[in-house]
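So, here come the structures, one by one.
In what follows, chain A forms one complex with chain B and a second complex with chain C.
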Partner chain A sequence: MPEKKKPELRRSVTPWGSFAWGYSDVGADIFVGLGLVLGAAAGASNVAFLFAGVVYVCIGLAYTELAATYPVAGGGQYFVMRGLGDIFGFIAGWAVLLDFTIDITLFAWACVDYLSQLLPALNTTANPWPHFIVALALVLGLLSLNIIGVRESTAFNGVVSALDIVSETTILTLGFLFAFRPEILIHTMQTSWPSSNDLMLGISLAIVSFVGLESISQAAQETQRPASVIPRTSVALILTILIFALSYSNLALGMQPWHPIPLDAHGHTQALWHWLGNGDNNGKAVALLAQQVPYFGAVAAFYVPVLGAILLLISSNSGVFGSSRIAYAMSSAKLLPSAFQRVHPKFRTPMVSLVAFVGVSVIELFFAALPSLDPAASALYARWFNGESGLGFLADLYAFGAATSYSFVFIALVALRLFDPLSPRKFKMPFNIPVTVRGERAEFPLVAVVGFAGIFAILLFTLKTHPIGRIAGPAWLVVGIIIYLLYRRNKRLPILGSQRHDWRTQQAEILRNAGELELMDEYLANLKASDERRAQAAAAP
Partner chain B sequence: MNAPVHITLTGLIVALVIAFAIGSTIWWMLHPPASFVQKLAAQAESEFERLVGSIMVVFSQDIESGHMMALAAKLARGERSELLAIYVIEVPFTLPPDAEMTAEERTALDALGAAETIAVKNGVNIRTEIVRARVTSQSVLDLAKREKANLIILGSFREGKYTGAPLGRAIETIAANAKCDVLIGVEGKHGTLLVDEFGQAAAPGGNEDRQPNV
Partner chain C sequence: MTYLRLGMYGLYVILGATIIARLLAAGAHWRLLVSGVVLGLLLVLLGGYRIALFLRHRSGGLPR
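Moving on to the complex of A and B:
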C-alpha cells in the first residue's frame, strides 16, 4: 500500500509578502521605541539606537542564515532545538512566547496612544480608564477574530507596509531637508548626554525597536523559494528598519520644530526630543515628530496617527497568531503539552493556545495599567519598580524576552555551523574562520560572537536597569521550565536530554518541500561525499 | 507661529541618502536571482512568444481546422499576434489553374467566414486568403515563408479523423518541411477515446456487466 503523504502548506508568500510579514511586526516597533529611547537616553538616543542597531544587524544576519538553511516554521525555537537540544530549544521558544504575549499588549497599548492623538478622550494620563478599556477591547477583539479564524489578508499587510514605508521615507526626507540643523544635534548631544545607567537603559529599550525578525523565519515555511527569497527580504528589512531608527533618532535630536513646543509641567520650555520622550507622548512620538515637519506636517498630523495605529494593530495581531503558531510548533516537537495543538471543533483554530497566551497578555496589560488606574498601586510601583508602568513596564519584559532568545540563537548558530556543516547555506554571515570538526570542514562565524556579546550585554543592561524585567523575566522562564520538566517526566521523554531525531532525512525533506531542489541535490551530494570519506578513513590501516 | 525653514547641505545630503537607500533596498529585494527552474520557465515563455508572433491557420479540402481556429484566436489575443487564415483549393492537374470551382470556393468562403467570426468574437484582427494551388502542402510552405509565419496551425485529416493512421500526406509534408513550428490538432472523439481496464469504451451507466477481453 502506498504511503499516505501528509498534505503540505502551499507556498504562496511572495518576496513582498515575506517582507510585509516581517515589516508589519518590526516596522511598528519604531512607533513605540522612539519615544521610550528619547525619554531614557536623551542626547545619546542616536548612540543607543546605533549600538542596538549593530546588534540587530548581527541578529538579522543570523536569522537570515538560519531561516534560509532551515526553512521551517518554528523560527528561533527550532534553530536552538536543532543546534543545542530540546531543553534549550524550549527555553528559547518560551522566551519568544513571552515576547509574543508582550507584543500583543504593547502594540495594542501603543495603538490606543496613536489614536489618542486624534481622540484626546483616549489619552492615557488624562483618561486612564478609557485608555485601558479600549486597549483591553482591542486585545480581546483580536482574540475573538483569531478564534473564529478571520485572518488578516496578506494583501492588506502588503498595502499597509507599502504605505508606511512611503510615509516614513517622506517624513524623514522632508524632515532632514527642511528642518535638520547639525548644530542643534551636536549641541543636544553635548548638553544632554545621559548617565551611564540611563544610556544602558536606553540601549536596552532601543532593542525593542528591532524585535520581530522572528516573523520572517516563521513565514519561511510558506515562502516561495525560501533559500533565495528569505535572505533578500531579511536583509532589506534589516536595512530599512535600521535606516528608519537611526534617521528618526538623529532627526529628533537635531530638528528645528515647525510649531512651538508646549511648555513642560513646570512651565519651562523644552526641546523637541524631551517633549517626544515624556510620559504623555512617548507612545506616539512618530506622529508628533511628523507633525513638526515643515509643510508636510499639516497633512501628516491627520494620517500618521491612523497609519501608525493600523500598523500597530497588525503588529499586535501578529503577536496573537505568532504565539499560537510557536506554541503549536513547540507542542509538535514535544516541548509543550499536546493541548496546545488542540483545535476548536467548529472553527478549526488552536483555541487552547490562543486563549492561554492572550490570557497572559491580558494579565500583562492589567499590571501595566494598574498604577495609572489605582493610586495605591502607583505608590507601590514607585517604591519597588522605580515607578515603571505602562509602556515602560511592557518594554522591560519585551527587551528581556528578545535578549534571552536571541542569545540562544547566536549560540545555536555557532553549534549548527560546527556540527551541521553539510547543510548547504545559500546565505552565510560574513567573516568566518575555517575549522575542522569531526573530520568535516566547517566555518566558525565571528559575527555571531560579536552579536552574542552585544545581545548578552543588552540582556545584562536589561537586568541591571529594568526592575520589572529583572524579576518578571526570569520568573517567566522558571515557570516555563517547571512546566517543561513536569511534562517531559509525565510523558517519559528525556528530561534534560533530547529525543532522537533523524536530521539527515528531515533536512532533505525540508529542502524538497521548500522547492529548493538544487540545494537538496547539493545536500545529498555532501552527505554521500562525507560517508565515502568516513568509509575510506575507517578502511585505512 | 511657524519657525523658519532651514535647508542645510548636510540635511539635503542625508535626505537624498535616505530616499535612495530605501528605494534601492526595496528594488533589490524585489529582484532576487532566478532559480534553475525559473530560468527554464522563462526560456519556455520566450520560446512561446517567438512561437506565436505570427500565426497561420490552414484550411483545405483535406485539412479540417475549424476546431483549431478558436485556439488560434485565443493564442493570438493573449500574445497580440498576427493571425492569418488561408484556405487552399487544390486544383487538379487535369484542370487549368483558373478553372471555375464553385463548390470548393463556396466551402472556402464558409470556412474563412467562420474563422473571421471567431476572430472578431475574440477581439483579434485577422486576414483571410483563398489560395489556388496544385499541391496543398507546397503552397502552405511557400505562403508561410512569404508571410514569415512563426506558427502554422493545422487540424486533422478531414476524412478519417484520427484512427491511428498517418495524419495525411499534406499535413505530414508540411510538418516535415516547415521552417517554423507546426501545431497539429487531432480532434478527439469526445470521451469515447478512453477505454476501461477491460478494453471496453467507457460510457455512462457503469460497466458492471462487462466481461474482460480474453
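Moving on to the complex of A and C:
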C-alpha cells in the first residue's frame, strides 16, 4: 500500500510577494508607532526611533541570515530551537505567537482609527461600541480569508505595498522640501526633551514600529528559492522601513503646519507633534501629518486614511498568517499538540492554528476595548495600569513579545554560527571574528552582540515603563510553559531537555524542498570533508 | 518600472542632501547630528548606492 503523503504548505509566494508580506507587516507599524512615540518621547522621538532603528537593523540582518540559511516556516522559534534546544525554542515561539496575536488586534484597531478620520461615527472616544464591533468584524473576516488560502492575499499585498511606498515617499519629500524648518526641530528638541523614564518608554514603543520581520521568515517555507530571495527582499525591507521611520519622526518634530492646529483641552496652542501624540490622534498620526503637507495635504487628507487603513488591515492579515504558520511549525516540532498542524483538506491551510490564535486575538481585543466600553473597567485600569488606553495596552504586550523573542534569536544566531558552521550561509551579518570550535572554522558575529545588548536594553525598558506589559507579558509566558510541560509529559518527550534531532538529514531535506540544490550539494560536500578530517584526526597516532 | 525606481533613488539623494544642508545651515547642534543628519546621510548613501548599481548593470537594468 503506497505511503500517504503528508500535506505540506504550498510554495506560492514570489520575491515581490515575500517583500510585500514583510512590508505590509513592518511598513504598517509606523502608522501606529508614530503617534505613540510622539506622545511618550516628545522632543526626543527621533532619537527614540534612531535607537530602536539601530537595534532593528541588527535584528533584520540576523533574521536575513537565519531565514536564508534555514528557510523553514518556524522562523525565530525554529532558529532558537535549533541553536539552544526545545524549551528555549518554545519560549521564543510562544513570545512570537503573542506578538502575532497582538498584531492581528492592534492593526485591526488602528485600521478603524484611520477609517474614523473619514467616518467620524467610528471614533473610539466618541463611539466606542461601533469602533469595537467594526474591529471585531475585520478580525473575523480575515480569519475566513486565511482559511480560504494565502495566494489570494499576496497579490493584493503587492499592489497596496507599491502604492504605499510611492505615497509615503511623496508625502515625506514634499514635507521636507516645503514644510520642514530645522529651527523648529532644534527648538522642539531643546524645549521638549523628555525625562529618562519617558525616553525609555518612547524607545520601547519605537521598537513597535519595526516589528514584523518574522513574517519574511514565516513566508520562507512558501517562497520559491528562499536562500536567494530572502536576503534581497529583507535588506530592501530593512532600509525602506528605517528611512520612513526616521523621516516621519524628524518631520513631525520640525514641521511648520500648513493648517492651524486645534487648541488643546485647556485652550492653549499646541505644537504639531503634541497634537499628533495625544490620546485622540495617536492612532491616526500619519494621516493627520499628511494633511499638513503644503498643497498635497488637500489630496492626502482623502486617500492617506484609506491607504493607511488598507495597509493596516493587510498587516493584521500578516498576523493571522504568521500566527497560524508558527503554530503549525511548533506543532510539527512537537512543541505544541499535533492538532495545530491539521491542514484543511481542500484549501491546505492550517485551519486549527488559524481559529485558535485568532480566538486569542479576539480576547485581547476585548481587553483593549474594555476601558472605553465600560466606565467601571476604565476606573480599574486607571487605578492599576496608569489609565492606559486600548492602543497602549496592545503596544505594551507587543513590545514585550518582540523584545523577548528577539533576545533569544540573537543568542541562537551566535550558537548556530559556532556549532553549525557547515551549513552554507548565502548571506552573513558583517563584522565577524574567525574562531575555531570543535576543530571547525567558524565566525563569531559581533553585530549579534550589539543587537542583543540593544534589544535586551529595550526588554528592560519595557519591563520598567509598561504597567500592563510587565504583568501580562510574563503571565503569557508562564501559561505557555505550563502547557508545554504538560504536553511533553503526556507525550513522554524530554521535558526540560531536547528530542534527538538528525539536523544533518533535516538540513539537506530543507534545502532540497526549498529548491536550493546547489546549496544542498555544498552542504553535503562540507559534511563529507568534515567527516574525513575527523577520521584522519582519529587515525593519526 | 525600472525608471520609476531609478527616479525614486534620485529623489532619495536630493532629499538627503537637502536635509543635511538645511540642518547644518541651522547650526551644528549635537541633537540634530544624531537624528536628522543620520537620516540625510542614510538617504544619500542608499540612493547613491542603488544608482551606482544601476549604472554598473546598465545593460541588464537594475538587479531584480
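Note that in this section the second predicted complex is superposed on the first by the 512 of 541 C-alpha atoms of A that agree within 3 Å, B and C clash if a C-alpha of one lies under 4 Å from a C-alpha of the other, contacts with A are read in each partner's own complex, and residues count from 1 in each chain.
Keep this in mind: contacts are C-beta pairs under 8 Å (C-beta built on N, C-alpha and C of every residue); 3 or more make two chains touch, one makes a residue touch a chain.
No experiment lies behind these values; they were computed from the predicted model shown.
Participant: Could you classify chain B and chain C on chain A, in the superposed arrangement, as clash or fit?
Facilitator: Taken together on chain A, chain C would clash with chain B, as the superposition shows.
Participant: Touch test for A:I133: chain B only (first), chain C only (second), both, or neither?
Facilitator: neither
Participant: Please determine whether it is chain B or chain C that touches the greater number of chain A residues.
Facilitator: The partner making contact with more of chain A's residues is B.
Participant: Touching A:S247 in the superposition: chain B (first), chain C (second), both, neither?
Facilitator: After superposing on A, A:S247 lies in contact with both chain B and chain C.
Participant: Going by the contact rule set out at the top, does A:Q256 touch chain B (first), chain C (second), both, or neither?
Facilitator: The answer is first: A:Q256 touches chain B but not chain C.
Participant: Per the contact definition in the header, classify A:P182: touching chain B only (first), chain C only (second), both, or neither.
Facilitator: After superposing on A, A:P182 lies in contact with both chain B and chain C.
Participant: Going by the contact rule set out at the top, does A:E518 touch chain B (first), chain C (second), both, or neither?
Facilitator: In the superposition, A:E518 touches chain B alone.
Participant: Looking at the overlay, what does A:L172 touch: chain B (first), chain C (second), both, or neither?
Facilitator: So A:L172 meets both chain B and chain C here.
Participant: By the touch definition at the top of the document, which applies to A:I481: first (chain B), second (chain C), both, or neither?
Facilitator: After superposing on A, A:I481 lies clear of both chain B and chain C.
Participant: Of the partners chain B and chain C, which touch A:F19 in the superposed model: first, second, both, neither?
Facilitator: First partner only.
Participant: Pick one for A:L239: touches chain B only (first), chain C only (second), both, or neither.
Facilitator: After superposition on chain A, A:L239 lies in contact with both partners, chain B and chain C.
Participant: Where on chain A do the contacts with chain B and the contacts with chain C coincide?
Facilitator: 15, 169, 172-173, 176-177, 180, 182, 232, 239, 243, 247, 250
Participant: Taking the touch rule as given, give the residues of chain B at its contact with chain A in the complex, in rising order.
Facilitator: 1-3, 5-8, 10-12, 14-16, 18-19, 21-23, 25-26, 28-30, 32-33, 35-37
Participant: In their shared complex, at which residues does chain A touch chain C?
Facilitator: Chain A reaches chain C through residues 15, 46-47, 50, 166, 169, 172-173, 176-177, 180, 182-183, 185-186, 189-190, 232, 239, 242-243, 246-247, 249-250, 254.
Participant: Which positions of chain C touch chain A when the two form their complex?
Facilitator: Residue positions touching the partner: 8, 11-12, 15, 18-19, 22-23, 25-27, 29, 31-32, 34-36, 38-39, 42-43, 46, 63-64.
Participant: Could you pull out which chain A residues touch chain B in their complex?
Facilitator: Against chain B, chain A makes touches at 15-16, 19, 165, 169, 172-182, 225, 228-229, 232-233, 235-236, 239-240, 243, 247, 250, 256-260, 294, 515, 517-518.
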